[in-house]
Amino acid sequence: MKSLLIQVINPNTSLAMTETIGMAARAVAAPGTEIMAVSPSQGVPSIEGHFDEAIAAVGVLEQIKQGKAQGVDGHIIACFGDPGLLAAREVASKPVIGIAEAAMHMATLVATRFSIVTTLPRTVVIARHLLQRYGFEHHCAALHAIDLPVLALEQDGDIAQKKVREYCIQSLHHDGIGAIVLGCGGMADLAQDLTHELAIPVIDGVSAAVKLIESLSALGLTTSKHGDLDYPTAKPLSGIFSTLR
Amino acid sequence: MKSLLIQVINPNTSLAMTETIGMAARAVAAPGTEIMAVSPSQGVPSIEGHFDEAIAAVGVLEQIKQGKAQGVDGHIIACFGDPGLLAAREVASKPVIGIAEAAMHMATLVATRFSIVTTLPRTVVIARHLLQRYGFEHHCAALHAIDLPVLALEQDGDIAQKKVREYCIQSLHHDGIGAIVLGCGGMADLAQDLTHELAIPVIDGVSAAVKLIESLSALGLTTSKHGDLDYPTAKPLSGIFSTLR
Amino acid sequence: MKSLLIQVINPNTSLAMTETIGMAARAVAAPGTEIMAVSPSQGVPSIEGHFDEAIAAVGVLEQIKQGKAQGVDGHIIACFGDPGLLAAREVASKPVIGIAEAAMHMATLVATRFSIVTTLPRTVVIARHLLQRYGFEHHCAALHAIDLPVLALEQDGDIAQKKVREYCIQSLHHDGIGAIVLGCGGMADLAQDLTHELAIPVIDGVSAAVKLIESLSALGLTTSKHGDLDYPTAKPLSGIFSTLR
Amino acid sequence: MKSLLIQVINPNTSLAMTETIGMAARAVAAPGTEIMAVSPSQGVPSIEGHFDEAIAAVGVLEQIKQGKAQGVDGHIIACFGDPGLLAAREVASKPVIGIAEAAMHMATLVATRFSIVTTLPRTVVIARHLLQRYGFEHHCAALHAIDLPVLALEQDGDIAQKKVREYCIQSLHHDGIGAIVLGCGGMADLAQDLTHELAIPVIDGVSAAVKLIESLSALGLTTSKHGDLDYPTAKPLSGIFSTLR
Amino acid sequence: MKSLLIQVINPNTSLAMTETIGMAARAVAAPGTEIMAVSPSQGVPSIEGHFDEAIAAVGVLEQIKQGKAQGVDGHIIACFGDPGLLAAREVASKPVIGIAEAAMHMATLVATRFSIVTTLPRTVVIARHLLQRYGFEHHCAALHAIDLPVLALEQDGDIAQKKVREYCIQSLHHDGIGAIVLGCGGMADLAQDLTHELAIPVIDGVSAAVKLIESLSALGLTTSKHGDLDYPTAKPLSGIFSTLR
Amino acid sequence: MKSLLIQVINPNTSLAMTETIGMAARAVAAPGTEIMAVSPSQGVPSIEGHFDEAIAAVGVLEQIKQGKAQGVDGHIIACFGDPGLLAAREVASKPVIGIAEAAMHMATLVATRFSIVTTLPRTVVIARHLLQRYGFEHHCAALHAIDLPVLALEQDGDIAQKKVREYCIQSLHHDGIGAIVLGCGGMADLAQDLTHELAIPVIDGVSAAVKLIESLSALGLTTSKHGDLDYPTAKPLSGIFSTLR
């Protein structure tokens, strides 16, 4: 097995979260896999809506370009809205995986239906749109928001974690599901403990994405450059975007 | 009827296209409506994929903010991928309409099924995703790409217009449809002539969006600030994005 | 802007409701737009099921024919089931808009999800079928029936209005929505007040339809006569229907 | 087995077609089943669009009322658009079956996918809407129109029948289907011969509907009067409709 | 009406249930129809999950083969998961009907929406998958499990029947439905009484399937042998399966 | 990374194919992963329809039980119909992956749309049903059958491989896709060469499934035993099935 360098991009600028995410990635990386956890040089400290996502997407593209220059073997977009995913796939020559898609795909492999536990209610619509795009609407029984901002997972960790746990337990008893997807990169460190305590798969997308990158890499598969994910049409970018290609 | 100021945002930086779009908007604006056609200070000269869209979305947000400061009564995102639409709705207090949604909505009001004629094949996936998101998959019979870049509509106008016309005629005869949606802001000036020549509704989203903004305004309706389109959560934006809020 | 004559058809025979509807239409009509509120010469006093709708559809066609003879510029079918909509589009040469579709389209432009508040529980299935036909199933979070007949909105206005308001408030708090669609032409006069009080878009289809007719008209778009909405095949109608063509 | 009286309603006023339909019904009726083939006293000579359907629906309701007074055990709506089906179910106390639904249901029981062969291209949209309503979109591979009016089946029988046969054979070879649904009551007499010649199920809805009425009757099942198919709310009908309840 | 021999296959090995099912079938069979109730020589005593279904499917095929040798005119698979349905259709030359599909089809003919009352919660996913496959997802309002095993219907009949009744009543009041589908062959004897008591159609699939076989037979329709339901490709079966073809 | 023992089950009894499949699995297995390629002791030599699948499913369960006894860390069902997948998940305590789902999931990670190239036309319906179940209908542009039986891939390798290649090339040019899924375990050895020659991802499910099992294992995730994939209800199995639990 060849050694791999995987770039894990935290699309927000909160370094504590970059670290949480990086640790979650390293915890499952194969022996030869090196994790490089990065975040954009500028942008939003947390991503809790479409506005935040639009900004974060540019940060993701900035990092994809850098990762490509550094010769990484794959890129992970570690925010549950998968911001900039298809744009990143156009830029990259190596596989790009979003943590929402990673977690959702894995969930359908171990249960017939799953629920999602996320942060603020306003992010629910983002997850709902992704379920539709990815084809998993029928596999998702319910979406729950703990009603705490993303950064509460770092700053008021205990309270936030308690709330995540409570919602997972309620979902387990009432939703008729077999697995739970954690709907925020900042929850990455909770998955393993909850999986053991609740005795059902509680799935974090960061670690799931690492394995999917490793998998695609081992299979010799990468983002198709035939068709609509081909490299962006060559054209001059102006202003603050001029360095993006 | 109160007078309105509508900001029409061309999300790319090609001023010729901004002008085409502005003219199409003015051609249908109500007597009291003033059209302000703008484009981002920086970005991509044309939008032909997800990468271009991600960049354009930030330009759209920059312009939404400026329009808001200028007290406009509504915003139009004049690129057929509706880049940054939901993000713009979060930022804006007034209505925001994308030209793809505008054209698609109008098409379903005058025909049971429509086809789309767009530019490059790689943009078809964007239109397909919008059809799914907006709920119009069953109303769209086919998507056709003339296989010319967006700017050909400005630079090689004759050739491009001929191709658009050819595809519309083919669609009319073979798709079993009653209307055609033009899938690019740069085609805005073709709609009226084609509507007359082909004797079916050939719909341009720019003009459609103007009427939808005017309509919402007259109805006293604006983007809901209850729920997931509420103003973005207050948080410090860093670097090049610091001026966006 | 050319002046327009819009025919607003109340498909039931209750003149008080025709008046309510006509007033709602006039309240939003553009300066040059004249509203002609009519109702069938015969039929049902209110529409609360499929049987009522089938009868009302013929009344709608009778009125469409008359409006056409009078040279109106557009027709509105002002019952939330949009009875006879596609049949009316076949007959008409000008645009025809149903108030259910009008309200639903507008709702998707200002919120990611909406709820519907309607009259009797038995009409819920009609709204559900329209959501499916128009493509808005994913945009509708819930359907609520106040469990009062349509005419209660005229006769016991206070009680009915109180109930509508109560259901709107409940929907606002529990459905995770950003807008509410009022599911009956007889509720047309409530939209504006509820929009202000609840601070979310509460949408009436009558006024929405007026603006859509004005919009299509300004865009030079009308019901496609190519394909399945072409004028009805010429054939002799017998009996009471002989005057319909 | 108790004896049954089934009312087969040809929703158009062409008596030759009423006869064709009646014969098709009688050909499969159980020993104790009597077929009463009727058509409205007034309406359209053939049904080839939404306008025709709206008129025919009232004729159907007129006949349902009469059949009910005569104590029939079930009603069949023998036009492929199933005009007035849900309205008829509200009025009737006994089962009501449309021939489109009957044929489509039967087709899914003998093949994984079927195609539809109908008359004029403009009726295709009606069949498409029914497929969506009934849930059979995924079971229908293609819709073909022979491009002859409904009455050609009676008047130019040979030409029309030859065309139906040709389209069935093409469908058999190219659509990847296992069964064909004949999309017009006037094709009822062709099903059996085509079934034998082509060696696949070619399904006529008239005969299928007879067996479904007999089946529901034997099962002691009838249209639910709990909920939205309950009898129409009591209210005065005016004018030409006053005799409908 | 020719006389028919219908083979009703109870896919589990519980003879008491075979008898219940056989009686339900005979109760509705037409005068000339003979019911032959059988069960596999080996397999599972009850079917409550995918594992049980996989085993039962082979038992079904064993019985289909025997029924075919005996010249039966149709086969019924009398377990609500319709185990082995498409496989059985490949083997059979005569119609094959599953009781889940039979009940669901009938339900859509008498109500706009129905609920399902089944046995163990773990079987709900099977019904959900069938609703999707058959196209009835939109017609089903809710799925309820009485949380008793299948055989409780035979062994603790009173308790189980009481629970079925309770769930039906709750469904009637809360689901907004017009009919109920009983989700287990072992509930076949409850349908008629519940239909009378609750005054809505409560539908048993066994009896429904009998009438559908009789219907297809009278229509001269049988499983299509053109395409994917053709007889299995000839090939040697080994071991315990060698007698299956 | 702990060492893993993965059981790859060829559900048919053709040992040559078991070997092909085993080799494909080993080619991508991680250093510590051991592949155990097995096939049922009895069953069908190839799987080309629902009948074959029903028999193969029991063989799969037999092997799952054996693999479980041997302490394997995961099971792969190496037939493109994923026969017995949910039943196997009930029995197993470790992850179970079907090769159709594995290939489809991977395809959606590297392209926006894919096509499937399979063997006999009659197997297309099986793939279509899986696309619906898994949620990937919108991601699949077309399904192609080379019209050769499964075993032709072993016996007339050159002809079959040539045909697969031809269909892939046609799909690449005409389907508007970015990736191709090979629809048969017997094509496993073709994926890598075609990926290189055609310069798009051509995906084999056997190798994809190996990586998914390794991934789930590394993530500490396994089939949920909460809910409908719990171990089969304990009950006596009779006859040839008595050894299955």
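By written order: A, B, C, D, E and F. Residues from 1 in each chain.
As a convention for this text, contacts are C-beta pairs under 8 Å (C-beta built on N, C-alpha and C of every residue); 3 or more make two chains touch, one makes a residue touch a chain.
Just so we're on the same page, UniProt names per chain: A, B, C, D, E, F = Hydantoin racemase.
Just so you know, these numbers come straight off a predicted model, no measurement behind them.
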| Chain-contact steps, minimal, separating chain F from chain D | 1
| request: Mind checking the rotation angle between the two copies, chain A and chain E? C-alpha superposition, nearest 5 degrees is fine. | output: 120
| Centre-of-Cα separation between chain F and chain C, whole angstrom | 52
| field | Cα-centroid distance, chain C relative to chain E, in whole angstrom | value | 44
| remark: For the pair chain B and chain C, the C-alpha centroid-to-centroid distance in angstrom is 27
| Do you know which chain B residues sit against two or more other chains? | 86, 112-113, 121, 124-125, 132, 138, 176, 227-228
| query | What chain-chain pairs meet the touch criterion? | reply | A-B, A-C, A-E, A-F, B-C, B-D, B-F, C-D, C-E, D-E, D-F, E-F
| request: Would you pull the chain B residues touching chain F in the complex into a rising list? | output: 121, 124-125, 132
| remark: In the complex, chain F touches chain B at residues 112-113, 138, 176
| note | Residue set of chain A touching chain B in the complex reads 13, 41-46, 48-55, 57-58, 61, 84, 86-87, 89-91, 120-125, 129, 132-133, 149, 227-228, 230, 232-233, 235-242, 244
| What residues on chain A touch chain F, complex-wise? | 1, 28, 30-31, 86, 95, 97, 101, 105-106, 108-113, 134-139, 172, 176-179, 192, 195, 198-201, 203, 207-208, 211-212, 214-216, 218-229
